[in-house]
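Paired with chain B in one complex and with chain C in the other, chain A is shared by the two complexes that follow.
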Partner chain A sequence: MPTAPPKGATGDLTTFNVFHGFPEALVRGMRSSFLTDADYHHLTQCETVDDVRLNLSESDYSSALADMAVMTPASLQKAAIEKLVTEFKYLRSQAVEPLSTFLDFVTYEYMIENVMLLLKGALSGRDINELIAQCHPLGMFKESTMRSIPTFENSAKGYADLYQTVLVDTPVGPYFAMFLQESAEHRGDSRNVLEEVEIEIIKSSLIKYWLEDFAQFVEKLGGDTASIMGDLLKVRADTNAINITLNSFGTPLNEPAMRASDRKRLYPAVGHLYPVGSTMLVDVANEEELGRVLELFPQYKAIWNIHASGQGDISIDDAFYERDVQTLELAFESQFHFAVFYAYVKLKEQEIRNLVWISECILQQQKDEISKFVPVFSFHSPWREKKRS
Partner chain B sequence: MADASSICKSDFCNAGWAEVLTHMSPYGFANFGVAFGLGLSIVGAAWGIWLTGSSLVGAAVKAPRIRSKNLISVIFCEATAIYGVIMAIILTNKIKEPELADSYLSANWDFNGFYYAGYGMFSAGLSVGLTNIASGVSVGIAGSSCAIADAQDASLFVKILIVEIFASALGIFGIIVGIIQSNACTFPVAAL
Partner chain C sequence: MSEVPPTRMNQQIFKGKLKAAQGGHKLLKKKADALKVKFRDYAKMIAETKSNMSTDASAAYFSLTQAEYAAGNFKQKLAADGSMTARVRVGAGVDNVAGVKLPVFTKYETGAAADNQSLGLVGGGKKIQQVREKFTVLLDMLLKLASLQTSFMTLDEALKVTNRRVNALENVTIPRIEGVLGYIGRELDELEREDFTRLKLVQGKKEVAEKELEKLKKEGKGPATGKENEEDITAQFDANDDADVVF
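After this line comes the complex of A and B, so read on.
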C-alpha cells in the first residue's frame, strides 16, 4: 500500500485533546450550521429562487451568498461548495499529524474525480478552462498540473506518460501506478491495455485503491477512529461494489469473461460484503441474481427491496443517500475520534444536494417533487421517528 | 541470588529493601507525601484543563456565547489543584522540627510515633494525589463534552454540569480520607 503508517497516534479519551481537541471542537461547532427542519420547511414553501435566497440569508450561508448577483441552482451549488471548502481548509490548517493525513485522505477522492473529469473532458474535446472550472475545489492540483493532464493522448502510452510526468508527484499517483501495474500484470501486455478500458473503469479502480488505502490507514490509527471510520468506509465500499455491479448490466463488463476478469477487480477488498459477498457478486449476471445475493445481507436487503419494488419512484441512489445520512450522523454520537471530519464533509455535501434539489424544483415548478430530499440531522428522519414511536 | 561469600556480615550492612525503607527519614517520607499530594493534584488539574480548554476554544468559534459559561468546567478542574494545595498545607503544618541539640535521637525517643507520622503523611499525600489525577481527568473529559454539547444546545449545559460535579466529588473523597489518614500523625518533638 502506498501510504506510510500514521505518524503519531490519535490518542484516546484522555490524550486525544492534546493535539486534536481544537479541530475536533471546531468541526463539532460547525455542526450547528446544518439547516434545521424549520429551515427546510420554509425553503420548500418558496415560490421563486430569490425567496430561497432570502430564506438562506438567515442561515450560515448568508455570507457565502451575499455578493452573488443572480442566484441559480448552479451558482448556489458553487457558492455552497466553496463555503464547505473554505471550512475544510481552515480545519486542515489547524490539524497536526495524524489528523492532517486523515484530512488529506478525504481530499484524494476529489482529486481522483478531477483527474477523471479532465481525462473524460479531453476525450470529448472540451475546453480546458471550462473543465477546470467544473473541477471540485477540494481536489485541486497546481494550475500547471491541472492544465497538463488533458494533454496526454488516450492510449496506454499516454496514460503511462501521464503518470510518469504529472501524476507521479501528486498524492493520487500511487493509485494510478497500482492501476497501471495491475492492468499490465493482468493482460500481460503493458502497452496496449488501456485503450479499450473505459474512463469509468479507471475511476472505479482508483477509488477502490483509495478506499483500501484509507481503510488500512484508519485501521492503523486504531481506537474509536478505527471502529467508527472503519465502518463508514466499509459501508462506502459496499455501496461502490453494489453500484459497480448494477451499472455493469447491459455493458460489456457484464459478459461472463469480463465479469471474472475485469469486474471482479473493481470490488474493493474492504467492506461488509468482502470477501463472501463480493465473491458472489462476481457471478451475478442480472438484477434478479444481484437481489438474491443481497438478500443474504440484512443491511442491504432493505435498500435492495426499495429498488426492486420500483414503487414510489425512489431510486437505489436515494436509498443509499438516506442510509449514508443515517450512518454518518452516528459519527457525531461519540467524541475523541476522526470520523466526524469525514462525516461533516459528506453530510454537508448532502445538504448542498438538498439545496440544489429544492431550488431546481422551484425553478422548474415541480412542487410535488420538492420534498424528495434527505434532510441532515432532521428530527423527522425515519430512523428517529421509529425510535420515538 | 547472591552466593554465601558475597553476603555482608557486618552490622552496618544493608539487609534489603525493608531496611532501605526504614532507614529513610520519616521527615523525608512526610515531605514526599506533601510533594506527591500537591504535584499529582496539579497534574490532574492541568490535564483536565487542557482537555476542557482545547475543546472550549474550538467550540467557542461557532458559538461564542459558551465561552464564559464553560469557564466553570475549567474552575472545576482548578478545584482539584486546590484540594492538593489544602492537603499540602495541612501536611506541612504537621511536620515539626525536633527540639534536639545534637543530631542523634535518644534511646527513649518515640520511634513508633515517629515512623507512624512519616508513613501516614506519605500515604495521605499519595491518596490525595492519585484521587485528584482521576478526578481531574474525568472532570476534564466531562468538561470537554460539556463545551461541545453546550455549543449545539444550551439546555444541555446544566445537565452535563451535574455529571461534572460528580466527577469533581471524586477529588473530595480523596481529600476527606487524606485528612483522616493524617489526623493521628504527629511528629514527636522531644524524647518521651
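After this line comes the complex of A and C, so read on.
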C-alpha cells in the first residue's frame, strides 16, 4: 500500500521541517539583519545624511547602498525596499506549497495598490513608464500585464474589457470582481464605478476582501499558522476598521446615509471587532462615540486612550505601529508556522520607515523628533522594559 | 536762460513759475516722506514674515514627513488621482498709498470640494489632515509675503521716482527759474539805471543851457528873443512870383 503524501496541517511538527524547514531557516537567519539598538543610536547621532550612509555601511544595507550616487531619504527608501524585495523573492523561490501561496498572499496587498495606481494614473492620462516606476516592487505583475492596464479606453465598455481580459488573470482579479459586483448591487450601475469612487475607498474595499480571503486561507492551513497568522490578520482588520472610522470623520463618508451604505462595506468581516464591534462602528459619528465603542474591547482601549489623551506626542498611528511591532515580534519568535514570513516583511517595512524617518529628520534638522520611531527588536521597547523591571 | 527777453511780463510769468515749482516741491517732498514711512513699514513686515515663514515652512514640510511615516507614500496617489481642481486661487487687488498703486494679493476659495478627502483612510488620515492645515497656513504666509514683496518693489520704484523729482525741482528747476528771475531783475535794473543816467544827462544839459541863458539875460543882451520874428514875413511876399495854377 503506497504511503499517502503527508497531508498534515502546516503546523504539524512532524512534517513542517520537511517541507518548509529551509525557508524558515533562511528567514530566521535574516533576523540578524535587523538594525540593533546601537545602530539606531549611532544613526540618530548623525549630522548629515551622508553620515547615515556611513553608519549603514557596516550594517546589512551596505551592498544595497553601495552604488548609490547621492543619498537622499527617497533613494534610501528605494534601495532598502529593493533589498527587501530581493530577499523576499529568494524566499519565495525556495518555498513549496502551501508556503508559496502564503507568500503570494503577502504580495497581493501591494498588487492591489499597484493596480489602483495604474488605473487611476491611466485615467488622468499619465505616462505608463512613470507609473510603473512608482509601483511597489513587491506587487509587480508581468510587464505585459502592467503595460496593458492603461491601454483600455476610458468608458464603461473599456472597463468591462479590462476586467475580462487583464484583471481576471491577475491574482487580485477576484477581489475586483467582488468589488464591482457589490457596487452593482448597491448602485445598480457598476460600469463607471472606477471613475466615480475615490481611489482610497476602492483600495480599502479590495484590502478588505484580501484580508478576508487571506484569513480564510490561513484558517484552512490550520495549526500554529492559523492561530498566530489568524491573530495577526484579525488585528490588522481591526486596525483598518478603527482607522477607517476615525479618518472618515469630517469626510463625506461620515454622513449618516453613507455610514450604513459605504463605510460599513469597508469593515472587514474578520477580526476581534467582527461582528459585534463593527456593527457598533457603523453608527459612530464622532470620536467620542468611537471611544465608547472601543472601551468595550480591552486590547484597543489602551491604544484609544493614547489617542484620546490628546498628547500630541504619540498619535494613534504611532500607537498602532508600536502594537504591530510588538505582535509581529512575538510572531517572529515562535516556530513551525508561516506568520514569521509575514512578520519579517512587515518588520522590515517598519525598519525602512524608521530609516527614512531618521534621515528625513536629519535632513530637515528636526533633532527633537528624531527618536519618534518604533525600533524593531529593540531591548528598550516598552513591552520589554516593563518585563524587566 | 538768456533766450528769455527780460521784460516785466516775463518776470511775472517766471514769478508764477517759481511759485508753482516751490508748491510742487513741497507736495512731492511730503509724498516722498509718506512713501518712505510706508517703505520702512513694509521692510519691517517683510523681515517679520520671512522669519516666521522659515519656521512655518519647516513645520509644514516636517508634517509631510510625519504623514509619510504614518500613511506611507501617498504623494503618488495624489498625482495619480488626476481630478486636481484648485481649491484656492489668488486674486489681485489694488491698494493706494500716497498715489502709488500697490498690488495686494488675496486668497479666495473657489468652492471646489476638497479632493482626496479619504486619503490615508486606513492609517495616517489625521496626519494628512495636519499636512493640509500646515500647508494652508504656509500658503497664506506665502501670499502675504508675495503682496509685501511686490508692494515693496513698487514702493521702492515710486520712491525713487519721487525723490528724483524732488531733487530735480530743488536742484535744477527752482535754481534755473531763480536764475532767470535774477537775470530779468538785473536787466530791468540795468535799463532803469540807463534811463536814469540818460535823464540825468538831459537834465544836466538843460541846466547848462539855462545857466547860459541867465548869463545872457544878466548881460542885457540876452538872446534876441522874438526879434527875428518881429519882421513882417509877408512883406517879402510877391503874388507874381508864382505862376498861376491852371486847372
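We adopt the following convention: the second predicted complex is superposed on the first by the 352 of 389 C-alpha atoms of A that agree within 3 Å, B and C clash if a C-alpha of one lies under 4 Å from a C-alpha of the other, contacts with A are read in each partner's own complex, and residues count from 1 in each chain.
Quick note on the criterion: a residue touches a chain if its C-beta (ideal position, glycine included) is under 8 Å from a C-beta of that chain, and two chains touch if they have at least 3 such contacts.
All figures in this text were calculated on a predicted structure; none of them were measured in a lab.
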| item | value |
| --- | --- |
| Clash-or-fit label for the pair chain B, chain C on chain A | fit |
| Partner chain(s) touched by A:I199 [first = chain B, second = chain C, both, neither] | second |
| Which of chain B and chain C A:R31 touches, first, second, both or neither | first |
| Which superposed partner A:M229 touches (first chain B, second chain C, both, neither) | neither |
| Chain A: partner with more touched residues, chain B or chain C | C |
| Touching partner for A:N243 - first (chain B), second (chain C), both, neither | second |
| Partner chain in contact with A:P23 - chain B first, chain C second, else both or neither | first |
| Vertex chain A angle, Cα centres of chain C and chain B, expressed to the nearest 10 degrees | 160 |
| Partner chain in contact with A:A79 - chain B first, chain C second, else both or neither | neither |
| Chain B versus chain C as contact partner of A:R126, first or second or both or neither | second |
| Nearest Cα pair across chain B and chain C, whole Å | 29 |
| Touching residues on chain A, where the partner in the complex is chain B | 13-14, 17-18, 21-26, 28-33, 335 |
| Parts of chain C lying in touch with chain A, wherever the complex brings them together | 58, 61-62, 65-66, 68-71, 73, 76-77, 79-83, 116-127, 129 |
| Chain C-touching residues of chain A, taken from the complex the two chains share | 77, 116-117, 120-121, 123-126, 131, 134, 198-201, 203-204, 207, 239-240, 243-244, 246-248, 250-253, 266, 315-318, 320, 353, 356-357, 360-361, 364-366, 369, 373 |
| Residues on chain B engaged by chain A in the complex (per definition of touch) | 47, 50-51, 53-63, 137, 140-141, 144-145, 147-148, 151-152 |
